[in-house]
Structure formats: C-alpha cells, structure tokens
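Next up, some structures in structure tokens.
One chain, chain A, appears in both complexes that follow, with chain B as partner in the first and chain C in the second.
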Partner chain A sequence: MTDTLTRRRSTEEIARSRPAWQRRLTSDRAARLTFYVVAFLFWIALAGLFERIPGPPSVVDSLVEEFRRGEVFGNFADTFYRFGIGVALSVGVGILVGVVIGLSPMARAFLESPVLVGLSIPAIMWAFLTVMWFGFGHTSPIVTTFLTAVPFVILNVAQGVQGVSRDLRDMSSSYGVPLGRRVRELVLPAVAGYVVAGLRFAVIMGWNGVLLAEWFGGSGGAGYRARFWYDANQFAGFAAWVVLFVGVIIILDQLLLERLSRRMFRWRDATH
Partner chain B sequence: MARPVIEAPPTTPAGTWLEGEELARRAAARTRRKRLALLVAGWAAMLGIWQVAAYYLPFGTLPNPLEVSVEMWEIVASGALVSDFLASVLKTFAGFGVAVLIGAPVGYLMGRYGYWRAFFLDGVTVAGTIPALTYAVLSLIIFGLSNLGPVLAVALVSTPYVALNVAEGIRGVDQNLVKMSQAFGRSPQQIRREVFIPTIVPYLFAAVRMSFAVAWKVEALTEVFGGTNGVGFQIRTRYQLFDITGVIAWMALFIVFMLLIERLLLRKLEQRVLAWRPEERAAR
Partner chain C sequence: MAVLTVNDLCKTFGAGTARSNRVLDHISFDVRGQTFVSVVGPSGCGKSTLLNIISGVETHTSGDVSVTSDEGRPARLGYVFQDPRLLPWRTVRKNMLYVQDKDDDQARRRVSTYLDMVGLGQHGDFFPGQLSGGMQQRVGIARAFAVEPDLLIMDEPFSHLDAITARGLRAQLQDIWAQSRKTVVFVTHDVVEAVELSDRIIVLQPGGRIFEDIPIDLPRPRRQSDPAVATLQAEVLARLEKMKAITPQAATAV
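Coming up: the complex of A and B.
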C-alpha cells in the first residue's frame, strides 16, 4: 500500500541530487554571463548584417579617440550640472504636489488634468520650445529636464500616498490627528519607496530630456557632442557617445537608485 | 410599565432610513458637481497660465491658446490630419504589438524561473534606462528614412516595460494558491491558466497603459528625426519653417488624440477585462 506512493523529495534534496557542473551552469552568475555573451554576439551579427551599424572595434576606437581629445569630461560636466538642477527641482515640486493630490480627492480633481497633460507632452516639445524661449545656454536643458520629469514624480508620489492604508487614514482623521503629524508618521514611511520610484523615473526621463535639449540647443554637453558625430555621418562616434551616456545612466540608476529603492521597499518585499 | 427603549423605535427607522438615503444621494451629487467644477478649473488654470506666458514672452515665441486653436482647426479642416494621424497611430500600434509579443513571454519566463530572470534582468533594466533619443536615432541609422524606423523605436522602448511588469505580476502571484494547486495535483498547464494568467492581466494592462504614453512620444520623436510621414514629420517641417504655432497645434492635436485613445479605448478595455476583480468594482 505504501510503496505505490512515491516519496516526495524536498526541493533541497532535488537540488543536491543534480551534478555540480549542472548547478554551476544554471547559477545566476552563469545566466548573466551567458546573456552578455549572447548580446555581444548579437551586436556583432547586427554590425555584419547592416553596414551602417558600427561594430565593436570601431566604437572602441572612437571612444578612445574622444577621450584623447579631452571632449568627454568637459561635456559631461555641463550635462550633469543642468541635469542635477533639473532633477532636484522636479523631485522637490513633485513630492509636494504628489502628497497634496494623494491626500485630497478635490486637489486630485483639480490637478489631474494638468498632470495628465504634462505627462503627455513629449520631451522633444519642451526641447523645441525652451530653446526658442531661452536661447542657447544652461536654462533650456534645465527647464526641459524639470518639465519632463516632474509629472512622473507627482504621479508616483500620489500613487504612494493613496496606497497608504485607508483604515489608518480614516482612523487618524476621525481621531483628529493634525495634518502635520499624519503626513510625518503615516504617509512618509509608506510613501518613501514610491518617492524613490518617482526619483528613478525623474532620472531616466530627465536624462532623455537633457540630452534632447542639448541635441537641439547647441551649447555643449553630451547630447550636443553626439549630434556632432551624427551630423558628420560618423556613426561610430555617435555610438561611442551612446555607450557613454547609457553607461552613465545605468551606473546612476543601478548602483545608486536601485539600492535605495530596495532599501525603501524592504518592509514590503520581506513578506514575499 | 412599558419598555420604552424597545417600543420607541418602530415609527422612526423607516422615515430616517429613506431620508438618510436621500441625504446621501444629495451629498454624492454635490461631491460629483464639485469635482466636475474642479476639473474644469484645472483646465481653465492651465489655459490661463499659457495665456499669461504668451503675453509676457517675447513676440512670436509662444502663440496664445486662441491662435493655436485656430491653427488646429485649420489642420483638421484641411484633412491633413487623418492621413498623418493614421500613419502615426498605425506605426505606434505595430511597434506596440511587437513589444507585447516579445515582452510578455520574456516577462513570464523572468517571473517564473530564476535562471531566466538572471538571464534577462540586466538586459531588460538596461534597455529600460536607455534614453529614447538613442532608440530614435539608432532606428534611423538602421532603417534610414522609412516607416520601419518608428516601429522599431516603439518596440525597443516598450518591450522592457511589458517584460518587467509581467514579471512583477508573476512574482506577485499568491504563492499559497500555487502551493495549494500543486498539493491538489493540478497540472502545470492548469496552474498557468487559472492562477498565473488572471493575475498578470492587470499588470499587463498597467504595462500597456504606461508604455503607451512613452511609446507614441518615441514614435513622434523618431519621425521628427527622420520620418517620411506622420505627425512627427509635420512637426519637424513646421519647426524648420520656424512656425511655432504649427508645431504646438500639431502636438496639441496629437496629445488630444492619444489621450482619447488612452482614456477611452484602453481604460474601457481594462475595466471590461478586469470587471471580475472585487478591487476594481470597489474602486468605481
């Protein structure tokens, strides 16, 4: 009677029964490595297939060349200055407006359409308009960064505030807890993770905004330099800049914000 | 000696109950009216700010709302709208279809299996962080001046959203349900169909709505850089003529159109598909 039932093994036992090479091959690190190899081969294949796509060697060449000319650091300093101010502004304003929207349905009704319109206006529009309004200089990329990023911060923060336990909100309002304390002790801890999510959006959207504004603005910066090579029909030079500004945003997003976000959402993810 | 506590109620409740309902209904109507008024106020404030800005900025750099709406009307009346819009919308949806076709399976794999998660995670996060500008220009470099450029750009930009959202949805599946299904000897197919798919549908919709907002912008951007037709192409033509009224008018029309698609089409579809969920019903 009992031997018709096969004994169920625990997952640990199953894992231990597999040979070591198989375990190593399916480990996370091996998977990532495999991905990079596949992606690299894919790039080489694309470069071979389309002659307009520069292959790895020519991109590395232009990258080295660009560093040797000393174009990299000066342009990035400009870009970072504009980007930093724009993002800081958008986070400050975004948190303020987002909390207001999340707390009051009436404020939401009033501000919903402006935020929605702000979300829908492409960065390219702001780049065009700000270049015409403010001319070539720091203002146009800063304003473009701010305007493209701020709706995303507002949306995320508002979502976080609304996600605050309704029971706790109702209770604190019926017990007459003052607004300041309600924000500080109930809203902020629950919302911190969403603020970081909003910040990530701001960084990613703002980076695109600042590059676009520089692309059309013509007053130096990473976007300007990328355009220089694009206009010169030197796609390897353009690709070198793509590598640079994609590298920068990934370092910023993954090394800084991803860790921050994981920290902020720790209370939530720990339950899974 | 009567018992007043028990005898008192009978007459009152019926009346107060009806009255209470009436009061509640009136309060709800008042809230709705107030909300509508605020919605209108929001639009009015936006147009007001625009009007003031147009007044104070140097002449010719920002046309006022009236000039733009006249221009918009001319674009609509001239009939140029339909062909260019149709071109842009079709390209967006084509790219979008490609994104869902690739992104949903990738997301499913990522959410379900540790190996594929590790495999795709770096690629998807990197692809999600790359600025749209890069996609637009790269698509142009690859396809030159053709309709495939915008389609590729849209697909590239929205695939990571779809994949990440679907993966998140799968990971958010109630593990107790999965364990229970396994304990009761359900087959993997059944678990997939009855537990996983219903859970990821809301996430898929969130992904679709979220990336739709990004997708059509990238589509327009690619057309601005090198389209042969579509809204972005019109915007670039106007920009090159320094016709800022034309630029804003085209953009405004595009925004209106895309918001209509998003709000009416996608949201209605979402409500319909998700109607079974108690959360959705409670929210309405």
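Coming up: the complex of A and C.
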C-alpha cells in the first residue's frame, strides 16, 4: 500500500467535486442574504410578542406615508449636505494631521493627548455642546460630524504612517527625494489601507454625529424628523426612520467604500 | 580630484551606554573621480554602516565625510541596495522617476536609456511585483545610474541572486560602468567579484579598521577566464587569509 501524505487538489478538480447548487449556497452573497432574512424574521417575531414594537406592515405604512408627504427627500438632502461637509473636513484634516503625527515625533508628543481626548468624548456630548455654541442651523451638525469623526481618521492614518517601510524611507532619503513627493508617492500609498479604514470610521461615526446633532438641534434633517415621531409617541414612524438610517449606511459602505478600496489597491491585484 | 573624502571617521552605536559598540575606528581614505573602489571584509565589520554614513542615512560619531560635485551644486548620490527597494505601487518607470531631481523630458530620456541598458526597455510599465528578483535588482541598478550620480554606492547588489544571474549582471555592470565611468564605492564580501570589477580594493577588518588598500591594475574588460584575473584573485584571497590569522575575530566571521 502506498501512502500519499498530502495531495494538492487543482482548482478544476475542486470545481468538479462540488455541484453548482452547493457552491451557490455557500457563497458570500448567500451568507449576506441569509442574515437579512433571519433579521427580518426575528423582527416579525419580536413585533408579535411585544405590543410596543411595531411590526413590518405598520413601519412600511409609515414609510410610504412619509414619502407621500414629501418629508424624506427634503430632510435627507439637509442631512447629507451637513454630513458630506463634516466627513470631507474630517477626512482632509485627519489625513493631514495623521501624516504629520506619523512623521514628526514632536508633533506626536504635542497632539497625542488632544486626539485621545477627542476619541473619548461621545457624539452626544458634541451634539449638546455645538447646539449651545452655534444654535440651530447647519453649523452645529457639521461641527458635530467633524469632531466625532476626525480623531478616528487621525489615529488610523498616524498608525499607518509609523508602519511605512524603514527600507523605503532610507532609500528615499539617500536619494534626497523632497518631502512633498515622499508623502505623495511613498507615505500616502503605503497608508492607503489605513486611510480607507479611517474613512469608514469617518462615515459611520459622522453619521452618528449628524443624526444626534439634528435630534437635539431642531433645525430639520433626518435626525430631527425621527425625533418628531418619537416625541409624538408614534413608534412606527420612528422605526421607519431607523430603517432609513440603517439602509443609508449599508449603501454608503458597500457601494462607495468597497469600490474606492478596490480602485486604490489596483496595483496589488495587477501582481496576482 | 577626490569625489569622496573620508577622514578619521568613527562610528559607535549606542555611545555612552552599556551596549556601546564601536563599528568604524578611525577610517580615512579618498576616492578619486571615475574610479571603481570595492570595500571587502567579513560580515559585521561595518561595510553597510560606512555606506549609510556616506549616503546620509546614518549619522557618524566623529570625523569628516564629504562628497563633492565638480559643478558647484550639491553632490548627487546613487545607491544600489542589497534588495531592490522599489515602491510596489508604482510602475518601474515611475519608480525611477521618483528619485530624479525633476520629472522632465531629460529625466524621462535618462530613465529610458538606462532601462534599455539593463535589458528592461520593454518593462517600464510593469509593477515590481510582476518582475523576477533579478529583474527588480536590475531596476535598482538602472535607477541609481539614471540619476547621473557624482558618487554611486552599491551594497552587495548581487548577493541575493543565484550565481548565473549574478554573473550576467556583473558583466552588465562592467559594460555600463565602462560607458558612464561613474565614481563607484562597491561593497562585497566576494573577493572574486571585487577583483573583477575594481580599480582598487579596500579591506576592512573586524573592529572597523582598514587592513589594506590594494590597487588592481588590470586591463578592462576583465573576464573570469583571463589567467591574470585569476592570479590576482588568488593573491588577494591569500592576503585575506593572512588577515584572518592576525585578527582572531575574523576567523569565525567570514
């Protein structure tokens, strides 16, 4: 008898050994779909058990009503305007400050504590503070979004910059490559993964921030509208807005960030 | 005129601490323009440290190091490392432009010229990960030549390659050098390689002193098969053996 210790299977053989239905059932897409189905069933069960949890039909009714009243697009337009500015600012400032902290030990010593302080202050505090400072209007949600998101971007980018290959940094300095080019061609591409991670944090934390600021700011927007239903004790209306918030985040994350990171890492795919 | 002047150079890592380690000990030498100088010596004798000090990547403890250019501008350096050290996210051509003073037509022309010279004229738009190790190392060599350096330093550029690839690249380096006549400081622990390439060999001993400074007066191009080359290689090897006998640390190091 001969023992084959390990036999490697070819991709063709693996494909042949599993029928198509099995492959489809174990695909990433099937797993994602399964989650949504399970979550939906769970919701129906909870709504059946507890009276204060609105079930899917009443939430869908409220959603349709909100669309019909024309509340959805106007409020979301306000929210996106604030969110967009806040996130763009936090990403721009976050990358800049993150790179500076990563490159200069002095900047690090100076800025490390304020970043930690920023990380530890929850979005709801910023929402209160900015409403006190700036009153009602666009400013307080924009500033809340910015302040909530920016420490996460800074932290991620700074971490990435510190990990940039020592060998490549030495190479650059032995050739006397100017700082600006070094940042553009060496540091930023090297930290691209961290920038995407930072951006992801910015989107999610910023979304939190903008909704909270609108909730307390009383100046329109999706967060404000959710509060309106909450105050009116209409849980179905409130839940309808929660569904919208969740949907927006999923779409932003999957569509935008996925595509962006695929573009940024094209060089990596080219080498496989 | 001397392009590189090293005068009474000392380097101590961790000076003033318990782990203080003197790596270079009162080193002095000059390298004249258009000469090819090799630095050989056992592992750990401070060869890479010397190059890093010359290139400004590492600071020295005392003494003087200066590189001069004859055109009244700051001297330009080319550095070929033991490994290719290319930006993985930039194409070969962009990698070479990265270290150029300016990204202008002249720079692009130089990049193309030297890519052709190392036989990679067709690979300018490849990413480093799409090339073999030997091809990447050739890009590193072309990159260094393409900055038209006043001083070109090379740290065991062939030591990570297989013998056949290394031999091909050595021949190529000789050709390119014959055409461009750059001033080169070349580190290796391969005496055979040093004799084949150099006008002069500086032998470092453990503890970082210069043991010997041997002129190599052979006509170029030199080929392995030439008996004069083989004779001199044997002679230099014999002198290194003598050094090992005198400095006991070296016996274990090579």
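Throughout what follows, the second predicted complex is superposed on the first by the 223 of 272 C-alpha atoms of A that agree within 3 Å, B and C clash if a C-alpha of one lies under 4 Å from a C-alpha of the other, contacts with A are read in each partner's own complex, and residues count from 1 in each chain.
Throughout what follows, a residue touches a chain if its C-beta (ideal position, glycine included) is under 8 Å from a C-beta of that chain, and two chains touch if they have at least 3 such contacts.
Since the structure is predicted, the reported quantities are computational estimates derived from the model, not experimental observations.
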Touch test for A:Gly176: chain B only (first), chain C only (second), both, or neither?
second
Classify the contacts of A:Asp167 with the two partner chains as first (chain B alone), second (chain C alone), both, or neither.
second
Just to be sure I read the superposition right, which of the two partners does A:Leu186 touch: chain B = first, chain C = second, or both, or neither?
second
Which chain, chain B or chain C, is in touch with more residues of chain A?
B
Counting only touches as set out at the top, which of chain B and chain C does A:Leu260 meet: first, second, both, neither?
neither
Going by the contact rule set out at the top, does A:Val117 touch chain B (first), chain C (second), both, or neither?
first
Between chain B (first) and chain C (second), which does A:Val72 come into contact with in this model arrangement: first, second, both, or neither?
neither
Mind working out whether A:Val243 is in touch with chain B, chain C, both or neither, as first, second, both or neither?
neither
Contacts from chain B onto chain A in the complex sit at residues 34-36, 38-39, 41-43, 45-46, 57, 61-62, 114-123, 125-126, 128-134, 137-138, 141-142, 144, 171, 175, 213, 217, 220-221, 224, 235, 239, 244, 247-248, 251, 255, 258-259
Across the complex, what residues on chain A touch chain C?
167-168, 170-177, 181, 185-186, 189-190, 192, 267-268, 270-271
Contact residues on chain C for chain A in the complex?
52, 55-57, 74, 76-79, 81, 83, 85, 87-90, 94, 98-99, 127, 129-130, 147
In the complex of these two chains, what residues of chain A are touching chain B?
26-29, 31-32, 34-36, 39, 50, 52-53, 105-106, 109-114, 116-117, 119-125, 128-129, 132-133, 204, 207-208, 211-212, 215, 223, 226, 230, 235, 238, 242, 245-246, 249-250, 253-254, 258, 272
